[in-house]
Each structure stands twice: as structure tokens, then as C-alpha cells.
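Both complexes below contain chain A, partnered by chain B and then by chain C.
Right, the complex of A and B next:
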């Protein structure tokens, strides 16, 4: 209960700060750190992204800020309710809890979930608590399999006894207890289809490892779970993504943290993860050029952005990757490996890469 | 037996099959070339050709046009069209040819801005009427007050392309002068963007000196009143400009000229060639100024043609054009379109291929015009609305390529802009380059496209000033007004967060708003 009160008092503090302006008949304002690339610093020592010192002021009596200001206070009030009632809500729930038309106007407090999601992230910065601590959860996303036993909400769960689907990773993994962990490393992959292939081949059993997948971008739940396994059991983590700029960025987010959530890097970033593939070496070695897909304009501009990021700027190996891809003018999917046979990935590619420590750091 | 049947066909026999194809016969088979390709369009074309002729005729005798259009629905597929004007009428002897012979007209052989030009239009309607209904056309015409009117009933002999008079009699008509035509045809009446209704409305916009009465097939009477009593300026006829002719024209002109020397041929039969320029041309062509035009052979004509193109000649005179005029166009828009803002412009005369032309543009914005849809474009050539082939037209292309975002309208890429606006664009020229004989779309000449864009930009700039001043100010006002509505919401949330009384917070926020109001207003003023 003490924990709940701590969060509640932080929300109240935010309210009181605004109230102070109100009482002095001043234009109410909130100071929020800027969440953008311009205010993200790469800490060379910890090797993670951190939020810089740039701050912006959000005013109520300002035509451009008013609605966002209202949303910020509104989401704080919604969060207070959740804490009071000791209930958890999804991001979608919160969107609907905020959404309504302001009487006498045709204006909605929020029109899209992206707006409420955005002010929830602002609220994390303002209170210093994660959204999960504020009783707001994201959807569960991703599957996990391996010789691991955990305890979750009073249930004992064996990750190796869940058939073809595996265990779904919830948004909040803070309260999960690991009972036994029997693995030598963790393999994370961007594609759920590849995870299903490896699970069917019982790759995790043969190679004593844990397999995790997401569908596209890695959620906070997955990143936090990876970080806990990495820190609590010192398990190496290898990342397998498509051979394209977006795949590379998935690796970057897991390793260094994301631009949008630079404030949460401490709880999410895992500087020790290694990039397993698909790399340009793999393209040559495993003869994947015939499965190339031509780069589109947005692929090329994304590559240029990646190359400019301060955490990649001095990394020769990665600069070489970006350059090679631009020279190829092409990208490729993990599934291109299947052209060498359906079990090629589990029987040849992965064992060979891991044995030879063929990684990019 | 079999061999006998396969006897050889001789050239003599084949020649029996060769015979002249009359224009009328050609039309019978190719009516789509003239725009009579479907029943909806046929009805429109018939009204259009008759109304164009009436307006041209009234212009010629300097009289404010008084036009009556009636469409009667006889059955779902058959209509009677009646068009009557107060024009000069047609002398009795000419009536059969004007209406009963294709390619007979007064306008084709002159270089002057007019609505019709080829002498096909109205006789094509007569022919179409007779082809689809078997009926003949009735014409009533009177040329002056004291004289009797003449009534004709005629159709066209398609083999010979000549009029076939069925009835020819004197008649009484209480009008001083004018022409009335009445014909039946197979057609279809529809409302919408390509309808007779739309056509007449657009005619009323660019001819605000005309009073048009229109009786719809639904028997509704619509009156398009005058927006001005100023007569449209009568365009002057000009001689061809040396840059505007082709070798074939030149050879023909040489053969029919009444001049005796090349020097006088050049100075008298062309515009903008003075004695000095004529000498230059002769020298360049390596021909004597005293050459007899009629004796020149093809080779010499070609030398002359080349020299004419290579010699610098002043741009053609521009008084052959009769633009609507920015003021009159604005009045036309005002009376037919209910909008908040109107802007119009007439560009200076410009030249393409030796033909002078003028571009005029107008925009009506706001009011009753639909807000969220594409901007409506109304295209006109020599004051005639163009309702078909919008996509193929140089005017459409120029509109799309204009950057409307800088003029206050929305636009994605080079598409038609969106917003509550109607754009009117008029191209006046002695020779409008249409993409086909149906005269639906203007061909893509760079010089024309450039002028159209300049006209649109001129109007666009004024539109933008208006939008910025009026609309944005109103939008900002609305946004500021919103604060009053935001305050209770903020007060409620803040009270919930802090457990302070909602009413107290509300009152204080309202006080703050009053204090902040001047800053809010000036900030927005500065920003935009």
C-alpha cells in the first residue's frame, strides 16, 4: 500500500504545481523534458541512451498547447482513479476513459489512441514512474519458450510445457518470480514465424536456450523480461532480425534503448546483447542475394538516419553494414534462409553462427 | 462454271465503286467525331450549337441577347428542342444552306474570335434529328420590323450534302427580328455536371449581358437575368499573322490574292508586315519583290514560307479578341454563384503559333459552395462552356500544376485542389486549339499553359489574402472561444487530482483567461 501512496502523492504533486499558477492568476504551465532525438544523449560509459536536459513548457492558455495540457492533467486524473481502485487498465482502456466531447464544442479530449499513449509517456517523465507502476498496461505481445519455471500471479508455469504457442509475455513483468532457469543463452527474433519454426524443431531443447519473439517492434514487457534474465542469470542474448534498416533498429532499441523512452533506458536497455544476423556476411556466405528485395526510398532514408545516430557513428562494424546495404541497394528477410531447406536455420545457420561467435556488437 | 465465276476484277470495274463521300454521309457514320455519340450528349450538343449561334448573331448586330430555350419531353427517348433569339435573322435565300448543308458558314474563313467556327454545328443537329426521328426541322426567321417572317421546313439530302426544302412560306411573327429553330431528336435528359442545365448556367456566367429563359423538360421555368447592360465588345476581324499559317494556307493565299506583286501581297494580305519587313522577307527568300504571286511555284512558295518564319515580325494585333472582362466576369459569377468572395482577372494578350489569345480567370470562394470536396473547374473557350474531356484539357493540367497550398486551398500533389471554391477559366482566341472536332478540350501549348497558370496565380494571391484575413481570423477566434469550454474540464480534473474545490479553481481560471486574452489574440495575429 505504501507503494500505491507514493505514486498517488506524485500525481497530487503535479496537480498542486499547476494549482499554484491557478491561484496566482498565472498562465498554468507544466515543464516536460523534450522527448526527441535532439534531446537524446548516448552515454558512452553505460552504453545506453539517456534523456538530455532540454525541457519545454506546456501552457494552458496557448492556442497550440491547450488541448495537450488538458490531456496531460486528464491522464493524471485517470491514473489516480486506477491507483485508488487498485485496478489495471490497458492503453486502449485509458484512451476510452479520456475520450469524450467537450460540452458545447465539437472537440474531443482525445481523437486517437496515439494521443493518449503520448501523454501517458509524458506522465511517466513527470512522475518518474513507469506506466505499469501507474496501473496502465500495454497489450501482451510476443512468445517465449525454454526450460524455465516461473511464478506469475500465484500460478507456477513451465515454459517448456506450453505446446506450439509458448507463453505470452505480459506488459508488466516486474512481479514475475523465476523458480528455475536452465539455459545457456537467449535467442530473440523479430519474426513470430521464425520462432514457430524453431519451436517446432524443438531447437531450445537441443541447444539449451530460451527463444523469444515479438511481432515487429519489441514491447517494453519483452525488453524488461530480457533485461531481467540477462542481469539475474547472466545469460548472453543474441538478436536475429531481417536484413533491413528496421531490423537493425530493433537491435538498437534492445541494446541501447529507444529515443522515445530514453528516460526508461535504465530499466530497459541491455548493452550486452549481440547482433547475430542477418548480416551482410551472411548474405555472401549463405548465398542470399537471389532473395534480395529492392530498397525503397524510405529504407534508404532510414539507413541514413541510423548511420547518423551518435551510438552508431563511431562503430566501424555497423557503419560497414549500413554502407554495404546501400551498395547492394537491397534488403532480405530472415525467411530467405528457408530457401536452403526448411530446417536449414535450426540445423546449420544458428548452430554455426553461435559456435563461431559470428556476431556484431 | 466455278472458273467463270472467278473472273478478274478490272480497274474499270473497281473505279465504278469509287465515288465521292459527302460530308453528310461521313457524319452519318462518324457522328461521335462531332459529339453526337450518345443520347445525353446529343441533346446537349443540339442546345449548345443553337445557343452559340444565337449569341454570336446578337453580338454581330450589337444587341443585348434575349434567348429562349425550351426542351419538351415527348417520350423517355425523344425530345423537342426549341431555341429562339432576337438576333438579326437570316435572309430567306440563305436559310436552307445555313441549316441544311454541312460546312456552310460565315465564320470559318475569317480570323476572328467567335463561338462557332466550322459551320458544322447546327446543320449537324438537323441531320441528327432527321436520322433519329425521320422528322424535318422547322425554322422561323425575320430580318426586320417591316418585313414578313419566313417559315421553312427542311432536312438534308445526305448523298449530296444539300438542303431538301419541304415547306417554304411567309409567316407572321410579332418579333422585330430573330430566328427560331425547332427540332425533334432522340436524346436523354439528365441532371449533373454534363447536363443542359449546367451548360446554360455556365453560359449565363460568362455572358452576363444575355437574358436567357430556359424551360426544362420538367416544365420548370428558369430565368437567367442580365448582370450587366454593357454590350460585349465586338471582336474585329484580322488578317493572318505570318507565324500563324502553314505552307498549304500560303499556297492557297497566293493563288487567290488580288494583289499583283509579292511586296503588296505581303503588306496587304497579312497583319503586321510593313514595307520594310516585306523587303526583308523577299530578300531572305531570294525572291524579287515584284514577283507575281499567282505565278509562284511550290518551290518558291516554300522559300517564302521559310523566310516568313525566320523574319522577326511584331506580334499580331489584339483587337480581334473580345475577352469577357474581369468586371463583367465577376458580375456573371456573382449572379449565378452564391459565394463570400469573388476575384477575377484578365491577362494581357499573348500569342501562340501566331494566333493571339487572352486568358481570363475567376474564383468564387465560400458561401454555398461545398466545403470538403474538390474545387469545381468551369472551362470556357470563346465564351462557350466545355463540359466534356476535362482530364485531357490544358486548363485542367494548369490548374493541377498550380501550387494551391500557397493560396489557401488544400491539394495533394498535382491533383485538383479541394476547398469551397469554383474556378472559372476562359480562353479567348481567334483560333482555339481544340484536341478534337467535338471541341471539348484545349490542346497543351506551352504558351497557353503558362498564361493560364499566371492568371490562376494572380487570382490565387488575392484569394489567399482574403482567406488569411477572414477565415483564419475566424478560426483563431473560435479557438480562443474554446478556452471558455476547456476551463470546466481542466477545473474538474485538477480538483480531482488535488482535492481542492472545483468552483474555486474554475473562477480563478476564468479570471486568468480574461487577463491572458489580449496576449492570446496578439500572439495569433503575429503568427499568421
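Right, the complex of A and C next:
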């Protein structure tokens, strides 16, 4: 239980602070940084999104604050119990654990999951710990393969001995211990089908790398795992997505962090990540125009939005990407490479791109 | 390559049949069972959905058939190449492999993935093999844990030594070899968060079972894996979902097959599967009414649809379920059990239900 002592003592501190307010007959209150777009800034030095200095106080004796104050204390108590019992709960579990009536009333502590999610994010800020460290898990998703050995939950696991499936990435990777990491870089891809292609071709073995995929959105578990490998083993990370605004945004979130999790950038953003493809150059070079898919209105407005982000605004390479895609009026899928042959991606496209360092930063 | 000889020779046979038509100056044609709701029947004996006897002929020299005829031959050729090269492709890959112009014209063989998907399903019927056996993979999704050892792609993999993540289930499980299976039953759950709960509590070890989860829809890979364990090891399978029409439908698809894959029921349906919960009885017994979520219009129409399915029509237990939910006007989530304590599901709910054989068939 020792490893969780730090988190537990911070939660206890929070409780004692409130208790002290009560004893001193002060209005109990908690100070929390403001989590709103108005307080999200792009730190040009660390190259990540982060929260500014705006703070707000939450008082118990304040009609507008009382319920949120109670929710904050309640979620701290739920987290402390989880840490005590050495159990993890999902966001949805925590919602149900908090969803009960306030004694002596018919009012629920929380009615919607958005309320419990919200105070969980506050608790991250109050303690400086991620919700995973507070034993509250995000979604589970994704597979990984590579010449890596880890220890997790008492088992020694070799990521290079897991056949066609790979290791299923848990929602919470905080307690994983890396025993040996034998890789030159990490390839993260948006699509599980591409991961299966590269795993079947044993790309990770031939090119000494780690292959990670999600299916759709990049979960916090995957982002944190990428970050840990990047920081602890200085492994370059290359991101492989479709040629579309959604793919570009996946890269943006992994690299810079996301607006609604700006407070967690320190634990999630990875400024060194590079975009491998599909890029506009690839479209020309690998003759993919015949597989173009026409942009829809929402694609175009998403591209405009991306171009306006402060972290892309002064980036000439990316501005060129956004502009070229709009000129093409088209997007393309990574699987379009399969029209060149089923192993074209693993035998030609990827080795060539990586050898030539043909990345976008 | 030997194991794939059967599939390859069937594809060759198809090609030779067409060639013979040409040589004999006959109009080349293929006979395919009709895949439409009008030809889907519920076999009361095998208790699965299957195709009826209606067949249609597809001719080369027929303006309405020519393109589809060509697509059918083309997909057979793509599959034969994959089998030759011992490579697997996703549905999307196959689409791009087929998407090229017909020589001497500006017409594409396929323009939309629905066209290639469609002839892939035809090819399943023509050969009697599943698309996985033809080296065309579905989606990858899901995790598994339990006291089982398998061999896959040259690796020996122990499902009980994979920490908090488990084995990531591949899209294609045809070539997995089971070396030892030490389990009394299988618990399949809709939600990965519930899987993580039960894995953390080492439920599979204490109760000698296998835990499988998807995240959302049950992929063909998962259904086929369930079926193989059910048939090869006679393991009972219990399905655990939310208390809602969508959860009931997940159960229905695993047990009886789905309408659009009726031709594949033999390889996918598992008539012996039982529904463990959440059931209407559970709602009463475990005091879950306070966590009710009001039914929406689409929930109600889905319930009506389920009640009309021929495989549910004469089933009194299920008709009672549908009726009770409509009377409640409410659904509930499995995580509502967490309001009774984080390990309530693994320490009380599941052991009690399984001991009392409190299932719906």
C-alpha cells in the first residue's frame, strides 16, 4: 500500500483543511484553478497546453457553491476509499458510488455523470495527481507489441510473445514496471487493422520498434503509456493516421494535449512526437489521388479550426498541410496504400519514410 | 501452407467452373443463395438463424449482372492471392485492393466498400468458408483472461499471466490452438470497465472461469472465439450486459446469430448461451430502481422489435422481460451495482446468480 501513501496523505490534507475551517468557525472553502477555455494557454516553451493562473474559491456556505463543494469532498472520500482498498473504479462506477441522497433530504449528491466527472478533474488539480493515480480509471482500449518485457499485477509479460493479438492495454498504466525495452522507436497508429497488418508482417521485429494502436480515440491509458516510454526510454514516437482532419487532430492531442484535459498535459502531452503520415507529400509520391474521398462541410470547418490553433498558427509545415488538403478538397485513408499491394505499407512506405526522416513536426 | 489448401482449391474450382463455361461457349454464371430477409429463417431445431433455399444465378452476359459477376470473380482472386501469400487483409484493405479501373475503361470494379463487403459475403456462401478462413479479417476488439494456454503465430501464450491488461483478441481466431483450458464456464461482458473490475478482483482465478469483454459490439473474432471454446470444451457461456434493449440484443446475436450474417450462423451462433443479467429480477432483488434511466422512444421501439423476433416470440421468460421493462418505463446500467460497493459484483452478485443458476435461456 506504500506507493499510494502520497496520494492518500494529500486527500487527508484536503479533509483536514476543511475540518480546520469548521473548527475555526470559518466558511469552509477550497481553492481550485479555473478549468475553462479562458484559462487554457499554450506554453510555447514546453510546447503543451496548460492552465493559466486564474483560480476560484468554492465555499460551503454559498447557495451557488454548496452542492459542488459537497461533491468535491465526496469524490475525495470515494478516491480515498479506493486507495485504502487498493481497488480501481471507472468514471461510471464513481458516478454510481456518489449517486445517493444527501442524508435527511431527497436531493442526490450527483444526478448526472458529468457532475462526478467534473469534480474528479477538480480533484486532479487539488491533489496534483492524475485520476489514474487516484485509482479512477479511464477507458480500456488498444493493443501493443514489441521487444519489451514488463511487470504488471504480479506477472512478467513479454510483449514479443503474444501471437497475433498482442497485449491488451489496460485503462491504467501507472503501476507497470518496464524490465527491458529493446526498441529504437514507437509507431502509434489510429487503426487496429493497420496494427494487425504490421504485426502479421512482424514489422516490430524487423525494424526493432514498438507498435501501438487504439481503435478510434486515443485513450488516456495509451497516451500515458506513450509518454512513459518516451520519457523513461527516450524513444521517438511516430504517429500514423488517415489523411484527414480527424487524423491530424489525433496527432495534435498526443503531442500538445487536449483543451478539456489541459490541466493534465504534464502527464499526457508528448511534445517530441512526430507525424509520419499520411501527408500531402505521400499523396503525390505514392499516387493516392485516385483514392481521394471528397471533403464534407464538417471536414472543412475542422481544418479551419486546426489552422487557427495557437500551436499550429506559426507552424509553416502544418499550415501547408491544411492548405493543400483544402485545395485538394479531398481526404484519403491509410488503407489506400493496400491498393499498391498488401505489404506495401510494411515493405516500402514505412521503411522509406522513416529512413528519409520524412516527418512533420 | 497446407492448412489453407482446402480454401484455395475451392476458389480454384470456382475459377475452373467459369473457365469451362467460356470454353463450352456458355454464358458464364455462378449460383448463389439469396441473402435477404425474405430468405432468412429461424431454424427451431438448431435454434439459429439460417438461410432458406432460395438461390439466384449471376450471369456474365447480362447487363444487370455483369459488374457483380466481375466483382465476385475479382474478390475470389484477391482471396486466393492472400491465401497464397499467407497474409490477411481487413475488409477495408480488400476494398482498396479491388478498387481499380476495368482495363480499357474508366469504370471502377468497385466504388464503395459496401460492394466489396457484399461479394465477400457471397464468397463465403460460394465456398462454404467464413471470410476469416479466406484470410479476410473483421474488426479487432476485446480482451480475455483465464487459466488457458494457447498457441498462436508461433507463440505459447498463457491467458493467466497477462497482468491487468489481458490478451488482446485478434480479429481472426481460426488458427489459434488451445493447449490447455482450465475453466468451468465463460463470462462474456459487454463492458471493458466491468472486465477490469473482475480482473482486478481475480474473479477468473477464484471461480475458475474465462472472462471476455468487447467494448460495444461483439466482433466476429469474439463470437468465433466464444463458439470455439463452447464447442471444443463444452464450456457454458453466460452473458452479462446492461439492463436495456441493446444488452438483450447483444445476447440475441451471440446466441442465435444476426440477420445480415444469417449465412454464417453455423460458424458464429451459439445456441447454448445463457443470459445472466441484468434481469428484471435483479432490479428488484438488488434494489436498483433508484438508478433507473427513463426509456427513450427508440428503446421502446427496439423492445417491440425484439418481442416480435420469431426466436423470442414463444419464449415466456423473455416476453416477461420485455413486458416488465416497458412497464418500468426504465432501463439500468450494470455499473449501478457499484452503488452497493465496488466489489459487490464480484463478491455477491455474480457468485449468487451463478450458484442459483439464475439465468434466462
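Methods note: the second predicted complex is superposed on the first by the 257 of 361 C-alpha atoms of A that agree within 3 Å, B and C clash if a C-alpha of one lies under 4 Å from a C-alpha of the other, contacts with A are read in each partner's own complex, and residues count from 1 in each chain.
Operating definition for what follows: contacts are C-beta pairs under 8 Å (C-beta built on N, C-alpha and C of every residue); 3 or more make two chains touch, one makes a residue touch a chain.
Given the structure is predicted, the values throughout are model-derived calculations rather than measurements.
Asks: Is A:66 contacted by the first partner chain B, the second partner chain C, both or neither?
Replies: A:66 sits against chain B, while chain C stays out of touch.
Asks: Could you figure out whether chain B or chain C reaches more residues of chain A?
Replies: Tallying touched residues of chain A, the top partner is C.
Asks: Identify the partner contact of A:167: answer first if only chain B is touched, second if only chain C is, both if each is, neither if none is.
Replies: second
Asks: If we overlay the two complexes on their shared chain A, which of chain B and chain C does A:154 touch? Say first, second, both or neither.
Replies: After superposing on A, A:154 lies in contact with chain C but is clear of chain B.
Asks: Let me test your reading of the model: by the given contact rule, A:89 touches which partner, first (chain B), second (chain C), both or neither?
Replies: second
Asks: For chain C, which residues count as touching chain A in their complex?
Replies: 81-82, 85, 87-90, 92-93, 95-97, 99-100, 137, 139-144, 150-157, 161-172, 175-176, 192-193, 195-197, 200-201, 215, 291, 333, 335-339, 342-343
Asks: Where on chain A is chain B touching in the complex?
Replies: Residues in contact with chain B: 11-12, 14-16, 18-19, 22-23, 25-28, 60-63, 66-67, 69-70, 73-74, 76-77, 80-81, 102-105, 107, 109.
Asks: Quick one: which bits of chain B touch chain A in the complex? Just the residue numbers, please.
Replies: 476, 479-480, 482-483, 485-486, 488-490, 493-494, 496-500, 505, 508-509, 511-513, 515-516, 519-520, 523-524
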